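There are two complexes below, and they share chain A, which is joined by chain B in the first and by chain C in the second.
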Partner chain A sequence: MNKKEYCEYVEKRAKKSPIVKNCACAFVIGGLICVIGELLRELYMSAGMEKTDASTLVSVTLVFITAVLTGIGIFDNIAKVAGAGTLVPITGFANAVASPAIDTKSEGYILGVGAKIFTIAGPVILYGTLSGAIYGVIYYICTLIWW
Partner chain B sequence: MDIFLNCLYAFITGGILCVIAQILIDKTKLTPARILVLYVCAGVVLTAVGLYDYIVEFAGGGATVPLTGFGYAIAKGVEKAVAEKGLLGALTGGITATSGGITAAICFGYIASLIFSAKRKD
Partner chain C sequence: MQKGIIKPKRTPTLISTYSVVGKKEHDGPLGELFDEYCEDDKFGKDSWEKAESEMQLRAMKGAMSKAKISDDGVDILLAGDLLNQCVGSNYGLEKFDISYLGLYGACSTCAEGLGIAACFYGGEIFDTCGVVTSSHYCASERQFRFPIEYGGQRAPTAQWTVTGSGAFIVGAGGKIKIPEVLFGKTKDMGITDINNMGAAMAPAAIDTIERYFKESTHSPEDFDLIITGDLGFEGSEILKDLLLKDGIDIRKNHVDCGLMIFERKKQDTHAGGSGCGCSASVLSADIIKNLEDKTLSDVLFIGTGALMSPMTLFQGGSIPSVAHLVRLSSK
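Now for the complex of A and B:
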């Protein structure tokens, strides 16, 4: 078997990444998480909370649920099936905080947990805050021009 | 009936946002971390150009729960703070608006690390 034949053989045997199935799973599970979020939002607003406060509390609730599910090891199993379905909602962010925190416990609480907790949350906060600050400056200039 | 429709819109919008990310993961070399960063920045940009307000109005939780909603909260917070405090608001608004989510993630993540130990990965 020469190199080319081998490559063809590998290609034939390699599991095809089932993109349609992945997308369907991501759609359903991601959609369901958003429905849970929407139901919680309606619940909190019916309890008299403001829209933005209700949205924040929804995030907090979902973050809490994710931290617990990550801790008892269920979240990884859901994420394996859901792919982007659990990544894109705030659950992905929460998991990206809780998971390295738990995994790096053995490296100590300062440079282990304390540093690694931001492995993925760090970039998200950095670029979110940075783009927000840039937008703020642009927005400020716009208010000067038009008002 | 209203609540059913709201949930349907949230389901569809949230689902579509997840499918876009899934396609990006499967078809490009973007890692999950890059997707998260991309989504937050996209949320800020879409809010800045005035589009994301409509999506939130339409989809509710379907737009605020995904990470683009995090960017939306940052941009909205910045707008509000700039209107109140001027240029200083550009620095204070973003994190103020998202402090709840960030602090919750850090606190619950830390508590989880105290309670749980790493599972063996299969």
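Now for the complex of A and C:
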């Protein structure tokens, strides 16, 4: 058996992740997080906030809740079931920043937390910013041509 | 000069052994058999790495105490773990006034250490050797994969690194002999999936087992058990299937330390346990005790290690592996 044949053999026999179950869990839990977000926004708006401010505060609240749940060791247990349900909303980003921060505390605040906090979220921040800038340039060019 | 199976001229024996594990391992099927366990995953220390060192220290101290020997009764320490620069071993064993060799063979380190110890004793270089290996779930996870609290889903083929350590004293006067050793060759069949280490390690185990039965006069039925450590569920199935295709049937007497230490489904460890501490602690707590009380009389122990580096993996490399065989006999 050569390398290619072996890899194909392994690939064929490996048990796959339960996609239907994972999708259903992601839909329910991810949807629930969005409902909580929406309720929070309504709550903030009913307290007299502008729509934009209320939306920003919703993100801040969800990040805060996630950071607390990550810190007390509950978030990973929820994420284990939720999968993309907790990964895709802002909760996934918050956990990706909070979890390395907790892990690397033993190496100190500069070389540990400071250096490693964006180990996972780093690519999202870099390429998110980069694609945002590129989109901005394209948008600017479009406005010059058509408007 | 012995090239294949090494048969030490002076047959080494296992004088004593001691195992230390974490809470999850203690909650598993072998729970009560381990010599020591700690509810606290940090073993009273302030980092996972220090906890791993503490486990090695406790395991080696325990094995030496059982053998009733002190530092000057051990000629050399052979130790290893999964962490960079083998820090688990370096810091843990610095407390002993004994010559030290650090080993890295991933999950095969226990078999590697026992094999080298058998050669040292057999070649009359040292009279008493200490072998100790360990792994810690949290320390390994953050070095090789993700932070502990990172919320992700594991693949069904992924293995769970065992928090544990096993120590052995090899020398004269023990009940269990090490009559044969076969060091493995590095094998790389192109597996790049960090979540399927069993598949990466199986080819090395197959090669070593096939070489053993080709070179020796034995067949699989001659052994009570053929123990691998730690292929997990996926790797074990591949091993049995591919060996069978090559005419070697080990289905009746094969067991895997990674499958013994946890109740896979109940403890949510997917394909089972892994790590230098897995085979060491299972061998120490279960297999050795069964050999001592003659429940088992002759076994083959094959330590399998996936020599994975996240750096080379990101550079597009695959995962090489190695498997070392040690025969243990109480006949």
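Couple of notes before you dig in:
In the analysis below, the second predicted complex is superposed on the first by the 131 of 147 C-alpha atoms of A that agree within 3 Å, B and C clash if a C-alpha of one lies under 4 Å from a C-alpha of the other, contacts with A are read in each partner's own complex, and residues count from 1 in each chain.
Going forward, contacts are C-beta pairs under 8 Å (C-beta built on N, C-alpha and C of every residue); 3 or more make two chains touch, one makes a residue touch a chain.
Keep in mind the model is a prediction, meaning the values are calculated, not measured.
In the superposition on chain A, A:22 contacts both chain B and chain C. Of the two partner chains placed by superposition, A:50 touches none, neither chain B nor chain C. Legend: residue contacts after superposition of the two complexes on their common chain; A:80 is shown touching chain C, with no touch to chain B.
When the shared chain is aligned, chain B and chain C each come close enough to touch A:98. Shared-chain residue A:8: touches no atom of chain B or chain C.
After superposition on the shared chain, chain A has more residues touched by B, the comparison being chain B against chain C. By the touch criterion stated above, A:59 is placed in contact with chain B alone, chain C being left untouched. 17, 22, 70-71, 73, 76, 83, 87, 92, 96, 98, 102-104, 106, 120 are the residues of chain A that lie in the contact sets of both chain B and chain C, per the superposition on chain A. Those residues of chain A lying in contact with chain B across their complex are 17, 19, 22-23, 26-42, 52, 55-60, 62-64, 66-68, 70-73, 76, 83-85, 87-90, 92-94, 96-98, 101-106, 113, 117, 120-121, 123-125, 127-129, 131-133, 135-140, 143. By the touch criterion stated above, chain C contacts chain A in their complex at residues 46-49, 142, 146-157, 188-191, 196, 199, 203, 234, 237-238, 242. Contact residues on chain A toward chain C in their complex (touch as defined above): 1, 3-4, 6-7, 9-10, 13-17, 22, 70-71, 73, 75-76, 78-80, 82-83, 86-87, 92, 95-96, 98-100, 102-104, 106, 119-120. Listed in rising order, the residues of chain B touching chain A in the complex are 3, 6-7, 10-19, 21-27, 32-33, 35-37, 39-41, 43-45, 47-48, 59-62, 64-67, 69-71, 73-79, 81-83, 86-87, 89-91, 93-95, 97-98, 100-102, 104-106, 108-113, 115-119.
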